[in-house]
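Lettered A, B, C and D in written order, each chain numbered from 1.
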Amino acid sequence: MANLVFNITLFHYLILALILFTIGLLGVILSKNIIKALISAEFLISAVNINFVAFAFFVDSAKLTGFIFSIFTIAIGAVELAIAFAIFYLLFKEKKTVNINDYKELKG
Amino acid sequence: MNSAEILTSVIFYLCSAVIILSALLTILSKRIMYSLIFAIIVFFAVGFIFMLLNAEYNAIIQFAVYGVAIPILIAFALMFTSYKTDKSIYLAFSARLILTLISAILFVLTLFNILLISSSVVDWLFTSQSSLILNKYEMFNSISNGLYIKSFFALELIAFLVFVIIVGFSSLTLFKGKRNG
Amino acid sequence: MEIFIQNIGLTVLFPLWCSVLIFLGNFLSILKSKKIILSLTLLSTTFGLITSLFTFFNAMVTENFVLENTFKFLSVNNFILELGTYIDLTSSFMLLIIFTVTLAVQIYSYSYMYNDASFSRFFALMNFFTFSMSALVLSPNLFQIYICWELVGVSSYLLISFWFHKNAASNAGKKAFVMNRIGDMCLLAGIILSSIIIYNYSGQTDFADIPFSSIDKIAAYLFTYTSEPIFIIICVLLILGSIAKSAQFPLHTWLPDAMEGPTPVSALIHSATMVAAGVFLIARLFPIYYQSSFVMNFIVIIGIISALIGAFCAITCRDIKRILAYSTSSQLGIMFIALGSGALTASMLYLATHAFIKSMLFLCAGLIMSLYLGKTDIDNFGGLKKHMSLIAYIFLIGAFSLSGILFSGFASKSLVFHHLFETHSYYIILSLLVISFMTAFYIFRMYFLVFEGNSHTSDNKKYSHVMVVPILFLCVITLLLGFFLPKMSTLKYELIPVTTELVAILLAYLFYVKFVNMLPKLPILYNLSYNKLYIDNFYDFITQKLYLGICKTANFIDDYIFDGTVFVTVFLTKLNAWLNSKFQTGSVQSYISYSFAILALVLTGFCLVYSLVAYFAEV
Amino acid sequence: MEYLSLNLLIFSPLIIAILFFLPIFNTKEVFIRRFTKTFMGVHFVYALCFWIFYNPDVNFFDELFLFGQSGVQSLGIRSAFAIDGLSLVMVTLTSFLFFMSAISSKTIIRHRQKLYYGLLLLLETSVLGVFTSSDIFIFFCFWELELIPMYFLISLWGSGRAQKSAMKFLLYTFFGSLFLLLGILLLSYYSDTLNFQMSSLFADINVVDKLPINIQILISILLMIGFFVKLPIIPLHTWLPNAHCDAPAPISILLAGLLLKMGAYGFIRFNILLLPDAFKILAPFLIVFAVINIIHAGLCAYNQDDIKKIIAYSSISNMGIVLLGLCTNNEEGVTGGIVHMVSHGLICAGLFMIVGIIYNRTKTRDIKAISGLGTVMPNLMGFTVMFSFAAIGVPLLIGFVGEFLTFWGAFSVQYDSYIFLPTVIIFAIFVLVISAAYMFKFVHRIFFGSIDNSWAILKDLTAHEFIVLSSILSVIVFFGINPMSLIDVINPIVEVIVESAGI
């Protein structure tokens, strides 16, 4: 058990990413404020990045595809946030509220 | 357990503690500005994790993009909104709260279990980090050539995509809504 | 003479052709004049009468004279059903009776129905009835008897509900038809069962429709090759068919109601011809029934019960036509008794004499009614002797012969009594004495109430003499027929029945002429007999309450169980749709949380299963 | 026989229907009505020629290759049409009833006649297609095609809750044809080509003997559910009363006269001829179903207030007799069943025509409201009495022939393993009294008895109605008097049925 504590393995990184992912997910679902939801959405992406890099490092450190891929996801994350804020801005001009529960029109 | 192992493990545990703590604080804090600050802390800590995994290139990009660009963007958004103090998550819909908490716990337990199960299948899950030190220079040059040669096409596509979206959506915001309210 | 016998088929088809002609003529309104219609019908009936006379004398002369020509009506590879004509002694004898009575009734009905709106329809239906009755009598096999059985039922239905705008007439017609239909159903079942046994098991596939020419072989075969209960079932079914037609015990209530039809109809159909068809069928199938004593006793018992019921109800009946109707069903009961006790010829002769007497009485009743604008209730007649003495005397002759004291009635009844005394069946004789006592009583009660006593109405309306001619014709026949019948019985056998009838006449004279309102109304017996032993209400109960109840439950099942399943499926789909709509709350976050919850559940399920399998695999 | 082209017979109504749907002469309604009537008459005469030139040994066979000469070999779809004894009778009955309904729809159909007659012709093609198609796939196509015009005909021109009952009719038949399609697919799967040639059964060699028995039973049960929705058998019959009482008179003539026969026809073609072994096993249970059907429908008919529902339930009871006839394994019973199919078609057509006339004049179908029409409409009363005698099975009319033979066959059926069967069959004989009861209740309640003044002004039959009723009655009397002409045509198919399905 001792070597497990001091000897950082891929397992630890995966657990870390898992916890970060769950916190991000909780933030998205439970937050009242749209911006807070979007921020916690960013956590999801960063958790995934940790996974990418961890696997790339531990498993196939030769081909480095993991690393390259995480770079791309970081870029996409940024773009996605930009889009989100543009849409949020337009919605905000309509309703003037940040509270996520007011935006209920998209209904079956 | 030589000193390098202990050092990396200490850094690792430190960084992960910081990540988890500030992530929790971002979703629990009442004021939106506090949650923004804690988010920045989380992004930087993740950057350190990349450093730990010898992915300096990624760490730099992480620091540059998440550390700086996105918080500025969010700050702008906060400027436009009158960021009244809003209530924290405790006022969320109570039934949904219970439901998500239960499912979150279930989710974590099961994935943890899966990882344990998969450990019996896969051998590389518990090889220690210290035994895999890569040569730093080779790492940096191989990432750059990988980026610009092997996946050059993907890079161009992503760049073009980013350009189009940023220009499109920023022009979208200038668009005066036909009907207001 | 030969030509008449050869084309006997023509006599059958002639009336049919007349009825079709009259129907079309009436419809296309070209044949309007009543004279032509009458002449057409009379032509066809006289032609039939002549041929039947010749055939009857021919049959009497030559020993067991048989003439049969048939054509193939229906054949499914070697199962062949034929139709055609078959003449032997009994059928020619019946044909003679039918055509004589029909001739008399048709002449009578010309003036009776003269000023009726649908005159031509009446004569068309009369012709149709003559066709179906003569086809029935001449039928070569049981299959054709069934066909004509239903046709006769149909024509009697159409004639009973002739004045269909009267509710009573239409209901009486419906009741008559449904009851006959029950009889037809039993007859059909009997025919099919016997023809199957003959066709499938006996090997002679050409006897499939049970031809009468080889009735003895079939009877022997049926008796030997079927087990006792099946044979009895077949015979009972066939007898039930004739019971319904001759208005015997279980299915007799339609005859009194059938009096709603015009009087010539009752005179022809419900006294002489149609009701005689049942007796004719039993006579035809006599070889089959003769083999089992149980069946013969069954016929006797049915005869006795229906005769007693008929006579019992006739005593207190107020409606003159219904008295005659009850007397018909009781006289037919006597014929059934004669048949049941084995006296085939005696019952046929009794049938002949009864036919003439009863139709004569009906025609007299019709004459009386026509004078009183169709009122049939007995109270408003009385003392008609002064007005129509001739009719009174004719009615008296009819009464005497019906009760079996004088003329042809006496001759045929003594034949029956002679046979019964020969076979020493004393309990039958006793019941027959009681029946003839009651017959004499009710017929003379009717005579005294209608003709004797103080007359109610003084205006002596005149009846058209044309109507009296057929009555006289029938009266002559009833007088002379007695002498032609074979005289077999010794004086001893005749004395007992005659004395009982004379006593009955004396009693009737005492109660209804001398001390008019002295008749003590016996508490139970009177209203029991007045409302016809409550059989009618019992049958009404069955049809209105019981059958309707069954139909209601069937309908209930149909509506709620079969339709119910459809309704339940529709309800389920609606419920499902309503439930789903509850989930559409519109908040994005609740959607994410639902999906996340399901993801978690799936994962846990997967892990549980995986670990269980792993655990068991190890063990 | 050669120059009589079968495809012309089947597809000529379709061509005319397409002509009607084009927006050319849509103003002259009278022209359209007269044109359809004459066309239907010509079509009926043409069908009669088939009957006259029909010789039993050569089955009139006509190939129409939908997808080129070789047909889609891989899919095996090749449209082929054939006529043998049974389908010849059905084809002539179809064109006769369509001719009658075309004539009788003059007084009843007032609005949108162009669409009405177009749909009628489309319906005629699909029904003819069903009766003559010798290829399973084509059979099923026409089977489904017939629903579309029928749905519109009922819902657009019907009375009362027409849309609702039209929808119920549609859904019910879809439910049935769902199972039918499943059965057909299974069948063609096991016989490895989709164009599983029904014509093989015209040439009376059954190709299915290599199928294992349990699969045969499964397929035949599936097919049976499909056919028993159309031939209304007890659990699946509740669509018929609604569809009938809301459909206009000419359409309910067709519905009762033909669509019920399609169920019986399909039952014969598929269950008896293609899957004989399964039929041998299932026949006793079918007999029980048939008897329940007869008695139950008869009882329900007595209790109805709506005159059309009485006739609808009577047709269910008659179709029970048809099923009883078909399930007996001897020639008499099967001939009786088929003859009763034809007789029920004619009689029900007449009865629905009469009820349509009554509804057209008195505008109510409630039996309690109408009484004593006889004095006002003597001709109609005459026809109703004759038709009700035919429906009850009075001899010298076609109703009797079918019933007598069916009962004869049913009584002499021997399934040795089922001793309870005779006791069940005995109950079938009660239909004589039950049918007499409800039929006479119908006739007496409406025509006999005293008339109340509100109906005093009604007119009697018009020329059109008289022609229709008298022609149907003449056919009934003709076949009643000499049934041999009908039985000779049916005989070859009866031999095939009994030899393949007989024990």
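One rule holds in what follows: a contact is a pair of C-beta atoms (placed from the backbone, for glycine too) under 8 Å apart; a residue touches a chain by one contact, two chains touch by 3 or more.
Since we're looking at a predicted model, the values are computed, not measured.
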Innermost chain, where centres are averages of C-alpha coordinates: D
Subunit B and subunit D: spacing of chain centres that average the CA atoms, whole Å: 74
Between subunit A and subunit D, centroid-to-centroid distance (C-alpha), Å: 69
Separation of subunit A from subunit B, taking each centre as the mean of its C-alpha atoms, in whole Å: 5
Distance from the mean Cα position of subunit C to that of subunit A, given in whole angstrom: 98
For subunit C, residues that touch 2 or more chains besides their own: 587, 589, 593, 596
Shared-contact residues (touching 2 or more other chains) in subunit B: 93, 96, 100, 104, 107, 111
Contacts with two or more other chains, residues of subunit A listed in rising order: 25, 29-30, 101
Touching pairs among all chains present in the structure: A-B, A-C, B-C, C-D
Touch list for subunit B against partner subunit A, complex: 1, 5-6, 8-9, 12, 16, 19-20, 23-24, 26-27, 32, 35-36, 39, 42-43, 46, 49-50, 52-55, 57-58, 61-62, 65-66, 69-70, 73-74, 76-78, 80-81, 83-84, 86-89, 91-93, 96-97, 100-101, 104, 107-108, 111-112, 115, 119, 124-130, 132, 134, 139, 142-143, 146-147, 150-151, 154, 158, 161-162, 165-166, 169-170, 172-173, 175, 177, 180-181
Residue ranges of subunit C in contact with subunit A within the complex: 581, 584-589, 592-593, 596
Residues of subunit D defined as touching subunit C within the complex: 168, 234-235, 237-238, 296, 299-300, 302-304, 331-332, 335, 372, 374-375, 379, 381-382, 385, 389, 392, 394-396, 400-401, 404-405, 407-408, 411-412, 426, 429-430, 432-433, 436-437, 440-441, 444, 447-451, 482-484, 487, 491, 494
Complex contact set, residues of subunit A against subunit C: 25, 28-30, 37, 100-101, 103-108
Interface residues, subunit A side, partner subunit B - complex: 3-16, 18-20, 22-27, 29-33, 35-36, 38-40, 42-43, 46, 49-50, 53-54, 56-59, 61, 64-65, 67-68, 70-72, 74-79, 81-83, 85-90, 92-94, 98-99, 101
